[in-house]
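Read from first to last, the chains carry the letters A, B, C and D; within each, the first residue is number 1.
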């Protein structure tokens, strides 16, 4: 990216001026909204978000900004089903009609920024505040490439081990907090054997993103990786660690619902919420839906950090470092989006609303929000303080995602990998085609090598 | 006829009706079940045993779709303002689908009718190659067309516009409209037109007053097929359209199938509403449909 | 209106359909284009109608060259073999279409339609669609459509071929009467020589894109210009005998026959074909001049006549006699060839070489 | 006036009428196909069109060496053959059933032909709903009626997923066969049946000796047509299984789509498309042969 982006309308002076002028806006952090010359642009500002209510809340904040500063604009959220992200990405960017703002998880963000499709936003980071992040995360986790920040954090969302404690107690199993992989396997087995019509454990095994993420967490716990960021991203997927993780999935498989081989996000939640499984890997959504549809299951379910790997002791979760990023090309609303996003990011009220919109899926990224008493003013916090806390804070030490490959540096190939469901396909080789894990790992490594070769230009 | 054989005939007919009813039920069951689900309240959708005829009939799913009312993520007390939901766009998508379906059908039919008339009534170089060409064209699956056309739409700056779909659907419906109209035009005797020419009509009058009315059954048959193809398309809509406002029904409805929550009642109501226009068309024009099949096997 | 065809030629690709046709149809005459299928007669009719392009030559109506004139501007009417009624219009609409399309006031159209419908006795059918009519009724509607306007030229393309035999006979006389009423030049295409003979003022016999002979039915019948015309016209067909000519005599069928006077330039023709109609032969009991001896091989009774097939040496000849004429199969007879009734054709070209004052 | 006369000259009218078709066909049929063929020789990442490069036959080498391509090919073959087999058998059976002059037959005909017009998206959705292993009505009914003990995982095992997609295809397109066969049946001369009866043929013999030979021609045409289309179907499979579980229901169309979209290899997708076109060209030649197309032309 050689293009200059020094023309952000908010220079320091106007910012301070704005601060002084508008002392209102009670709930917002700085007690102000940055000033912005009234925009006369009209139209719909397209914003991509995940399925779920929070994207809508984020956009509602932006619309509030628009009412004051750009009355002709309307921000509109387009929810992109996870499995459709890559198709959407390709068609919209190739059609030169990208949205003006994207809320996306880090693997995709890293791919886009390495391809030069995103706008650097360091100027915004300065205004948001560099030292606001909750302990345990860094700006890099959302998207930093060659020294520039490209992504503004929206939230983080770890996937954890959801456990039906009523079943655990009934069967006299240990406290899941203390488990290692063997304990998890044992618990899954025990439940499957003792509880008719109930699977012990559930994760996604279909050819989709969900499986990629679920497996990545296991892989990382075992100490494995896809690429070696220290060595020009050489493929290291055909390692014993990969084989070990694959073996673990294979051992768990008999205690999962039969249909798990085609499960994606939806079905894993379904399985838990309808009581077909006692344990599952998932983000906070499961609890949100259980609270709506199945109160008893909601009450009995708690979330834990993943079972430890017996040797490494790691209990990595897949954490979507969900962030806002701005397409650099063919984007007619760059200034407006920046200002509106800044408005949302600096409004305590809106950030808390954002987190509250889907408890406990949407974890706050800023310390001031995480500590705010208003955040805790939610029925979830009252009924499950430990679980919510695990999602929001205590899981952070175990965060990982393929984008940063164990937090060792951004991986621009990660998005390509997940777009093609390479991990999921590797898993499927084992659970559907009964391939030996060693061979599956080799197959996966070959696929990854092809991706690396194809995109070697990104690695610089 | 003696009474034994009359009895046998009655029994045979009764058996035939029985078989027919069973087969019809089995074939229609998916649609019946979709209709039934769409009329159930949330609490009954997952009831065991499932109920074929809903105990509590409700139109709430249809109401939600047609008024765009938000249906989920309402937990923990007051409903939250969570921005747009797919249901909100349903009527919009419906209108989009109607526009692109009618638009592309109109163009395909107009172009192919004129061309078929020209091919069967005038002599010039290459005229016998056109039907062959159309035949080939209508065997080419849309997956081959879609990306080149997409890149073309990008160049023409037509992506995300309903025009891109209208033109795209012309591309997949024109070949078989051409084929069908050509087959049909060939069967219209040329003498009728000559009689009109001698009676004093101009070529255009002949075309409008004599040929078009005679070709009407063919035009109707071709239109139905063109409409079915356009209305049912998923691929072009998926690739060509970027913003949620401009989606068509088929692609839009898949957005209900999102994330971690599927509202089956809503989805089935949407399915029913998507099927209704084609069903009405089908019932009204069924005999023309059969005529169309006669003129040449038709795409599907 | 007089119709002149001057050097009309028609090619379809490399195939020549019509070769230099030159004909003049006098005003108000009933002219028939007669010939076997594929002879180009329909193409010629369609060219007169303006439905077919002319490759070369010109068509003149009165004193107007109409080559480039659209059909609608030629003031013609045409009856098609398939009737070509507009299927979606009622009989009334069908009849009135030609007037309406020319912008005639609707009251006048109605009056004209009523008038024609009365003449043709189809006034009770006016509100029916063509699909609900019988063949004869459709035929009348097609005629009516042509009559409703006042065309200069009336074209008919085998209009009777789809009718049953009995109806065809009655329609023949009706058509003739319509022609007289219409007061227009009628050009009629048929392959049926009986129709041509009974209805026409003039007949143009065509074969392979060439007009073989043009004249009154009587001329065409009694003085055929060539072997094709001779064979095509008349029923049962003319007998042909190949003969070696010596002066004014010819050797054929194992005997010698006298020939009628031949044209002067025909002296070179050594092999000729003698044509004689079955009606013109006589069976006689004894031998004599211009008589050949043969054996009766077959007898076919036609009603008031019978056909006797007589076998000469190497050639069979049909003789038509009265039904009560005493003759038996397998019996030996003599057949008299009256020289005045013989037609003589050059063997190679098939042209008649009989000297005729009026030919 | 001069222009009008010119326009009314026949040749001009003919060319004027064909012109829209020629233009449309050039733009929307010839160009895309030519472009699809051209793209097969390029590496083309839609996100980075600036990096497009000519690669010769590399895309073809890629697909021919990709086991998934061959798996897709064979799976497509299986799915096509089985779909066509069942469509033909059921289609003929239903057509025979419907080809009877019984009271109310028009009503049944209408209902039985209905699936043909139902959008694929709708069918896929309904299918996912009624064949849902846990909450679907099909499994419930089968278990309740004692036919099966364990729920069937319709879309979760390779064999069942293939069976489900075939079922969907058969359900949707059997009406097509029914309509074609029914139309032909109505033109079978009844004398043939009378003759067969007089000759002493029973119901079965009449079917094999009279009906089937009469249907042969239309069946061949229908089968060739349906084979070509079924082989290249995209939406039925993509919307129901996305090619899964694993890649067990991939066909060439899904393979092409996945390569183009998910893997951002438009060139490889296009090369797959070229292979599909070659296959369908062969199919078309077979069709032209059996349908005797063009024989009736002047």
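The definition used in the following text is that contacts are C-beta pairs under 8 Å (C-beta built on N, C-alpha and C of every residue); 3 or more make two chains touch, one makes a residue touch a chain.
Remember, predicted model here, so these are calculated numbers, not experimental data.
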Key: Interface with more contacting C-beta pairs, comparing A-B to B-D   = B-D
Greatest separation from subunit D - chain, by CA centre = C
Request  = Can you check how far apart subunit A and subunit B are, centre to centre, with Cα atoms defining each centre and the answer in Å?
outcome  = 39
Request  = Between subunit B and subunit D, tell me the centre distance in angstrom, where each centre is the average of that chain's C-alpha atoms.
outcome  = 16
Ask   = Measuring from the mean C-alpha position of subunit B to the mean C-alpha position of subunit C, what distance in angstrom results?
value = 57
Request  = Would you kindly tell me how far, in whole Å, the mean C-alpha position of subunit C lies from that of subunit A?
outcome  = 94
Query = Residues of subunit D touching 2+ other chains?
reply = 8, 10, 135
Remark   = The positions of subunit C in contact with two or more other chains are 70
Query = What parts of subunit A, by residue number, touch at least two of the other chains?
reply = 87, 91, 94
Message = Applying the document's contact rule, which stretches of subunit D touch subunit B when the two form their complex?
response = 8, 10-11, 13-18, 20-22, 24-25, 28-29, 31-33, 35-36, 39, 94, 97, 100, 102, 108, 110-123, 125-127, 129-130, 135, 137, 140, 144, 171-173, 176, 179-180, 182-183, 221-222, 225, 228-229, 232-235, 238-239, 253, 256-257, 260, 266, 269-270, 273, 276-277, 280-281, 283-284, 287-288, 293-294, 297
Task = Quick one: which bits of subunit C touch subunit B in the complex? Just the residue numbers, please.
result = 46, 49-51, 70-72, 76-78, 80-88, 97-98, 101-102, 145, 149, 155
Ask   = Which residues of subunit A touch subunit B in the complex?
value = 44, 46, 50-57, 59-60, 76-79, 81-82, 84, 87, 91-92, 94-97, 265-266, 269, 285-286, 288-289, 291-292, 353, 356-359, 378-380
Key: subunit C-touching residues of subunit B, taken from the complex the two chains share   = 189, 191-192, 194-202, 205, 209-210, 213-214, 216
Request  = Spell out the residues on subunit A that touch subunit D in their complex, using ranges where they run on.
outcome  = 83, 86-87, 89-91, 93-94, 115, 117, 206-208, 257-262, 270, 274, 276, 416, 419-421, 425, 428-429, 432-433, 454, 457
